[in-house]
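Look at the two complexes coming up: chain A is in both, with chain B in one and chain C in the other.
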Partner chain A sequence: MSLQKPMMRGLLAKRLRFHLPIAFGLSFLAAIAFKYTVTEPRKQAYADFYKQYDAVKEFNAMREAGVFESVRPSGE
Partner chain B sequence: SPVMEELLHLHDHALMVVFLISTLVLYIMLAMISTKLTNKFILDSQEIEIIWTVLPAVILILIALPSLRILYLMDEINDPHLTIKAVGHQWYWSYEYTDYEDLGFDTYMIPTQDLAPGQFRLLEADHRMVVPVESPLRVLVTAEDVLHSWAVPALGVKMDAVPGRLNQTAFITFRPGIFYGQCSEICGAN
Partner chain C sequence: MALLYCHDTAIYIQTTIVFEVRERNKRDYFLSQGLKNKNLDCILLEQLVPKATLPVSVHPEVAGSVDMSQPLYWDRLDTPLPDRAYKEVLTAADKSLKQKEKGPWSQLSKEEKIALYRVTFRQTYAEMKQPSAEWKTVMGGVFFFLGFTGLVVWWQAAYVYPERPRTFTDEWKAKQLKRMLDMRINPIEGFSSKWDYEKGQWK
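So, the complex of A and B:
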């Protein structure tokens, strides 16, 4: 009974064919994950903030808090 | 300001590309150090050279397009409602509002020992530059003595103040508040 001849050639190429698609796939996945966990939520957060934003109300709140120098709170 | 928000989104986009490349390189490094299989006799390979030329070029284009969009967005001057001149001195700024009446004043940084509780060190000034909100504004920046730079990070504005030169920048803000900046060019002994 003779042993099967072991594979002696193309070992690196086989490894590359296995690992390179995984490498590109993982990196693409990392980019997509970052996009949908950070980039898109941030854009949405900014959009949501400005939907309900009232600049005059914010200004009056800051004015009453005494933060501005050019306008004093309405009581003063 | 809207420009600063666009810059933040561009940063997110560029960071996404950074993560893409870093993950790829990290995986390849780990794969390379965890094997004894190496090709000692490789001479050339046109295919891989094409890939590692075209792929970075594509990535650069993906970064450049939003970046150029914002660059041209920042350069737009849309009929400012007010023009303010900011003149840098060692070591204070002077502002001139000359559109309607002549108004000019100097503004010094409040020294640390004179700060009131709650005020920010190295950021507070005695006379703040007051601007209207929701109005496009133009700032003409120059200097009296050495190079300075007028910068307000929250508004995405920075412009060098060069003696003998008038630099123009524009911004608009939709949120009232106090925005801080520091001179962004070395202009003194420390």
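So, the complex of A and C:
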């Protein structure tokens, strides 16, 4: 029974030829998916928030609630 | 891995096996070797074992210890060719087989090839891979100790832990939550963004 000589060389190269494109592809996909599911909505949320943001009004609301130490609520 | 663990502990045990020096003439022999001050019951076997002893690093069913300075034989899945052959002391039949092995192998019969294999190796890969019931012992031990740990934790909760801080009461937590909303914690995407400030309720 004479067996065929097995592959002795190039085993890592063969594996890399197959797996590296897949690895890079999946990584790019993951990055793109993250960008469009997380970062873009987040940027939009911040933009929308600050469109209608009145800093003075917010400050007064916080002051009345009594969270500041430098300014007490207007009643005191 | 279990095999490796057994192998290592077996080696460790074998190197520290005590040998009971029973016969008086052996004791006298050692005394004459200048070992008076040592505990004769705890001498490593090296001095008693003749050189022809075959160290096989399996479980210590074999009486005696292993000479760790010599190459050892072991059956391991990831070591196909151990440091030495299994049988070092060959019978006449084995020796003649070894001679025949030096010629063309096509002239060896199937039984002779198997016999040659068994000279060099103790177990085949199929035999090595045979499953054992060890996993049941392992899982049993794991669950037993998990259960014991549970009892220990229970006892600790009863006798060791101090009182809970006052910040854990519902009243304090409600005040804390209100203060976080007043401070507008994370108003864009986080905590305060979920609160409707006009209506005074969660969105």
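As a convention for this text, the second predicted complex is superposed on the first by the 57 of 76 C-alpha atoms of A that agree within 3 Å, B and C clash if a C-alpha of one lies under 4 Å from a C-alpha of the other, contacts with A are read in each partner's own complex, and residues count from 1 in each chain.
Keep this in mind: contacts are C-beta pairs under 8 Å (C-beta built on N, C-alpha and C of every residue); 3 or more make two chains touch, one makes a residue touch a chain.
Every value quoted in this text rests on a predicted model; they were computed, and no experiment measured them.
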{"item": "Side-by-side fit of chain B and chain C on chain A, or clash", "value": "fit"}
{"item": "Which of chain B and chain C A:A23 touches, first, second, both or neither", "value": "first"}
{"item": "Contacts of A:T39 with chain B and chain C, given as first, second, both or neither", "value": "first"}
{"item": "Partner chain(s) touched by A:A55 [first = chain B, second = chain C, both, neither]", "value": "first"}
{"item": "Between chain B and chain C, more extensive residue contact with chain A", "value": "B"}
{"item": "Partner chain(s) touched by A:R15 [first = chain B, second = chain C, both, neither]", "value": "first"}
{"item": "First, second, both or neither for A:V67, with chain B first and chain C second", "value": "both"}
{"item": "After fitting on chain A: smallest Cα gap, chain B-chain C, Å", "value": "5"}
{"item": "On chain A, the residue positions that both chain B and chain C contact, one per complex", "value": "42, 46, 58, 62, 67"}
{"item": "Residues of chain B touching chain A in the complex", "value": "5, 8-9, 12-13, 15-17, 19-21, 23-24, 27-28, 31, 35, 37-39, 127-128, 130, 133-134, 174-178"}
{"item": "Chain B-facing residues of chain A, complex", "value": "11-12, 15, 19, 22-24, 26-28, 30-31, 34-35, 38-39, 42-43, 46, 50, 53, 55, 58-59, 62, 67-70"}
{"item": "Contact footprint of chain C on chain A as seen in their complex", "value": "42, 45-46, 49, 58, 61-62, 65-67"}
{"item": "Complex contacts: residues of chain C adjacent to chain A", "value": "179, 182-184, 187-189, 197"}
